[in-house]
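Just below sit the structures, each encoded as structure tokens.
First subunit A sits with subunit B, and in the next complex the same chain sits with subunit C.
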Partner chain A sequence: MTTILVVDDSAVDRQLAGGFLANDPDLTVRYAGDGAEALETIVRKAPDLVLTDLMMPKIDGLQLVAEVRRSHPLVPVILMTSKGSEEIAVQALQQGAASYVPKRMLARKLLSTVRSVLAVATRERSHSRLMGCMTQSECRFALENDFTLFGPLVAYLQEEVTRMGLCDETERMRIGVALEEGLTNALYHGNLEVGSELRGEDDKAYFALVEERRRQAPYRHRRIHVDASLSREQAMLRIRDEGSGFDPSSIPDPTDPENLEKASGRGVLLMRTFMDEVAYNEMGNTVTMTKRRGTNNHPNHDEES
Partner chain B sequence: MPTILVVDDSAVDRRLIGGLLQQKSVCTVEYAANGVEALARMKNVLPDLIVTDLTMPVMDGLELVRKMRTHHPDVPVILMTAHGSEALAVEALEQGAASYVPKSQLADRLPKTTEEVLALARAARSSERLLGCLSRTEFSFRLDSDAALVDPLVDLVGRIVAGMKLCDFAGRLQIGVALKEALLNALFHGNLEIGMAPSAEGQDMLIQETDESLVERRRRQPPYRDRRTYVDVRISPDEARFVVRDEGPGFDVAAAPAPGDAGALEPERGRGLSLMRAFMDELTFNEAGNEVTMVKRRESTHDDHPSR
Partner chain C sequence: MSILKTFHTESEDETLIVMPQGSVSSLAGDEVSSELDELLERLERPGPNNVVVDFEKVSYFGTVMLGAMHAIWKHVREEGGKMVLCNVSDMGREILRVSGIDVLWPVCASRQEAIEEVNR
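This part shows the complex of A and B:
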């Protein structure tokens, strides 16, 4: 059974819209008199779809759209517009409303609009349920020396880690930071072999050198290899560059407050803090970060190095 | 440097808008007086973004948005709305416009909106490029016997196969059909042990109408309800490999019609099998008949005709 929540401050309009919906025996209709009442109803039990008027006292349609999107992103909202509310309707559509029906066309268009939006929403929900059935995933990327790919790659990997239920929102962000640091290291220190000494001293010279090396052999042929291997228990993320590596034991002790200020150890410090385990290979061109399920991102002081 | 095409029938407005855009950011601005002119310009080179008026003679903004959606879906369109054109704007946004700015607030909001939309378009393109850098992927699912999970899985595989450019559109469709057959087969015949339906369409019907009660009953009944379908997918630029295993009693593989048999295209399990065999390069069952392995290899001709 599919439940539609009709939100309108006018009792006549509520009944009118509800009446059209009741023509479909598969739909159950519930009602709310304004946005605030609607939100209470939604919190108790989320409907499959919200159909709302725009201009209402207390919480109006626009705010309702924003709130539903935040708390129930898989529940679509359809707007009922009337003459004079077009401007706010445009805003609500941009905020994330799924569609709209002008009030004077309810009889003709309401049911078909509701059905088509429900079909899309069902597909979305099935997709997210499918993702919940994923038990294991592995992927491998080979990136050119182009930092504009880091954003999409980090977002992709964060999504994978979240999907496996390995992190909450805070951890998700911190995992993103750790990955970004690892990739940045691989690109600048690894493949392009640009030392961090220049950084902070002369940024202009630093970036000029970066640009030069991106076009120069052997640097420009080097790739960044990223391997991710995830299960419901842990995520293992490995970043390898094709540079000459470094001596991992030379990293300043990140637990020493003295070193917090140093540019060179900062990335490593962040990775160690945000992941359960961070290990380098002997050559120093591969870093492997592990995040385990249910471990609350406590700082890891990594005894072995 | 991004190129922005400004479409407006008023020459004064065009200049005003062009000035605003170049004041705040580095970009090339081109102009067209209506939708027809805009489309003609795009025959040669595509802009990164279109900023268009809504009410114009010849071809209005709404029609332009529609045409862009069909012919150049990658180019975002920002609308400029005037008092009285809000209803038209709502429709244009529904048709696919990316954003809008009221003409009365151009100076305040146009540069910022333009930047936001350009950034979003760039991000979308990077995601596409990222998928192009994917050199191998592998994932596993454990599914309960719910047909609603089949299409999303087929979609997901299709997107990855497309991103890795393993094969063209027709090839992706074939992979999709074969995978769907294999999954429905595992769910219904394998785990729920429901008799043969003639085809995937037949199975869809079976799910929706005729035998819904039987499907629903078995989904709640042991031993059927505890059975799961295990799916392993492995995709590299050379091949896509799928292993679908159910926990049913399996079937006699030897009794299935061979590919050339007269009965091969007939109903029963034969049709699904024929499709899977025809569309995949390799198809093998384990001895128990409850696990199928399918492989689709990269099409060799594909190097000559890369799909876009």
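This part shows the complex of A and C:
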């Protein structure tokens, strides 16, 4: 049986919505008088869908959407909007509410909206269960020299690593930092062959050279290759550029007080600190980073291979 | 108040507040470069010499951000001002510490504390 939790501080509106839902024999309706009571009910037993008013005392509909999204991301929330609550409804939709139904149209639209949202939620739950069964994932990307792709790629890989149960939130961020540093190095120092000497000395000239080379052959034809091999035990992330490579042992120690104001070496240091293993190939154009399940980062200065 | 996308700025108690925001973790390229230029030009104009970088809206960042902070700090230092960071997440503090540059800039818990620190 599919359970719908109807949340409204107006007993009349609550019963009205519940009455429309009761026309579907497959639906069981439960009620809460405000957001706080709704959250207590959800904690006891999560419903399949929450239908909520927006303007309520204590915890309002907007807060309820945010809290349900956080604690029960697979339970969809539908808003009941009335005149004057349009602005807050937009905010609620931006925060992840699944849909909305104006109160004056409950008779015509409520059941069809609930059914279509439930259908999507059922598919999402099945998908989530299936993904929970995944034990190995491999993916490969060939990126143009476009730094705006880094954010989405890192977010995607962070999500995959989390899905594999390899890390908590802190480790997820550390992996994100390491990945971004690896990608940034591959773009600027690898494919575009722009050294970090200019950085910190003349940032304008540094970025001008970056932009120039992004449009210039042979640099613009180069790609950044990212291979990710993820299992329940470890994440192996490999980043290869098509530049001429470098000698990782030549990087100065950025924590040496003499180098404090230089830009060089910090990215590699962060990668080595936040991952369990970091190794470069002989040419210095491929870095392989490994994060194992359940390991917290410790300062790690593995030798290059 | 500014309309910069990555470095939101405002003035408070004769201090320039810089608030990195959005996807600063991968900031780079032309747009950020021009935003940084605009920020540095603003520091050269008559007005506040002190800067507070408020990280309230950013949970972590990388070396590109550190490079931008370094550029701002150089300007501030040349103008005889001070730069202080605030609202830095645990992850952000770890990045500063690991990078070895936590010694360059004081880190305060709140914006108010940071403003008091630069005006001390």
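To be clear about the criterion, the second predicted complex is superposed on the first by the 278 of 305 C-alpha atoms of A that agree within 3 Å, B and C clash if a C-alpha of one lies under 4 Å from a C-alpha of the other, contacts with A are read in each partner's own complex, and residues count from 1 in each chain.
Going forward, a residue touches a chain if its C-beta (ideal position, glycine included) is under 8 Å from a C-beta of that chain, and two chains touch if they have at least 3 such contacts.
Bear in mind that the values here come from a model prediction, so they are computed numbers and not experimental data.
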Q. Between subunit B (first) and subunit C (second), which does A:Pro57 come into contact with in this model arrangement: first, second, both, or neither?
A. neither
Exercise for the section: For A:Leu269, decide between first (touching subunit B), second (touching subunit C), both and neither. Expected result: second
Message: Quick check on the superposed pair: does A:Gly165 touch subunit B, subunit C, both, or neither? Answer first, second, both or neither.
response: neither
Ask   = Touching A:Pro73 in the superposition: subunit B (first), subunit C (second), both, neither?
value = neither
Margin query: Is A:Gly195 touching anything from subunit B or subunit C once the two structures are fitted on A? First, second, both or neither.
Written below: neither
Next on the checklist: A:Tyr156 in the overlay: touching subunit B, subunit C, both, or neither? Say first, second, both or neither.
Outcome noted: first
Look at A:Pro218 in the shared chain and tell me whether it touches subunit B only, subunit C only, both, or neither; answer first, second, both or neither.
neither
Figure out whether A:Gly19 sits in contact with subunit B (first) or subunit C (second), or with both, or with neither. neither
Subunit B and subunit C footprints on subunit A meet at residues 148, 151
Counting only contacts in the complex, subunit A reaches subunit C at residues 147-148, 150-151, 154, 170, 173-174, 176-177, 180-181, 183-184, 187-188, 199-200, 203-204, 207-208, 210-211, 254-256, 260-261, 263, 266-267, 269-270, 273-274, 299
In the complex, the residues of subunit A that touch subunit B are 81, 86-87, 89-90, 93-94, 99-100, 122-123, 126-127, 129-130, 133-144, 148-149, 151-153, 156
Seen from subunit B, its contact residues with subunit A in the complex are 81, 86-87, 89-90, 93-94, 99-100, 122-123, 126-127, 129-130, 133-144, 148-149, 151-153, 155-156
In their shared complex, subunit A is touched by residues of subunit C numbered 23, 25-26, 28-30, 32-33, 36-37, 59-60, 62-64, 66-67, 70-71, 74, 90-91, 95, 98-101, 103-104
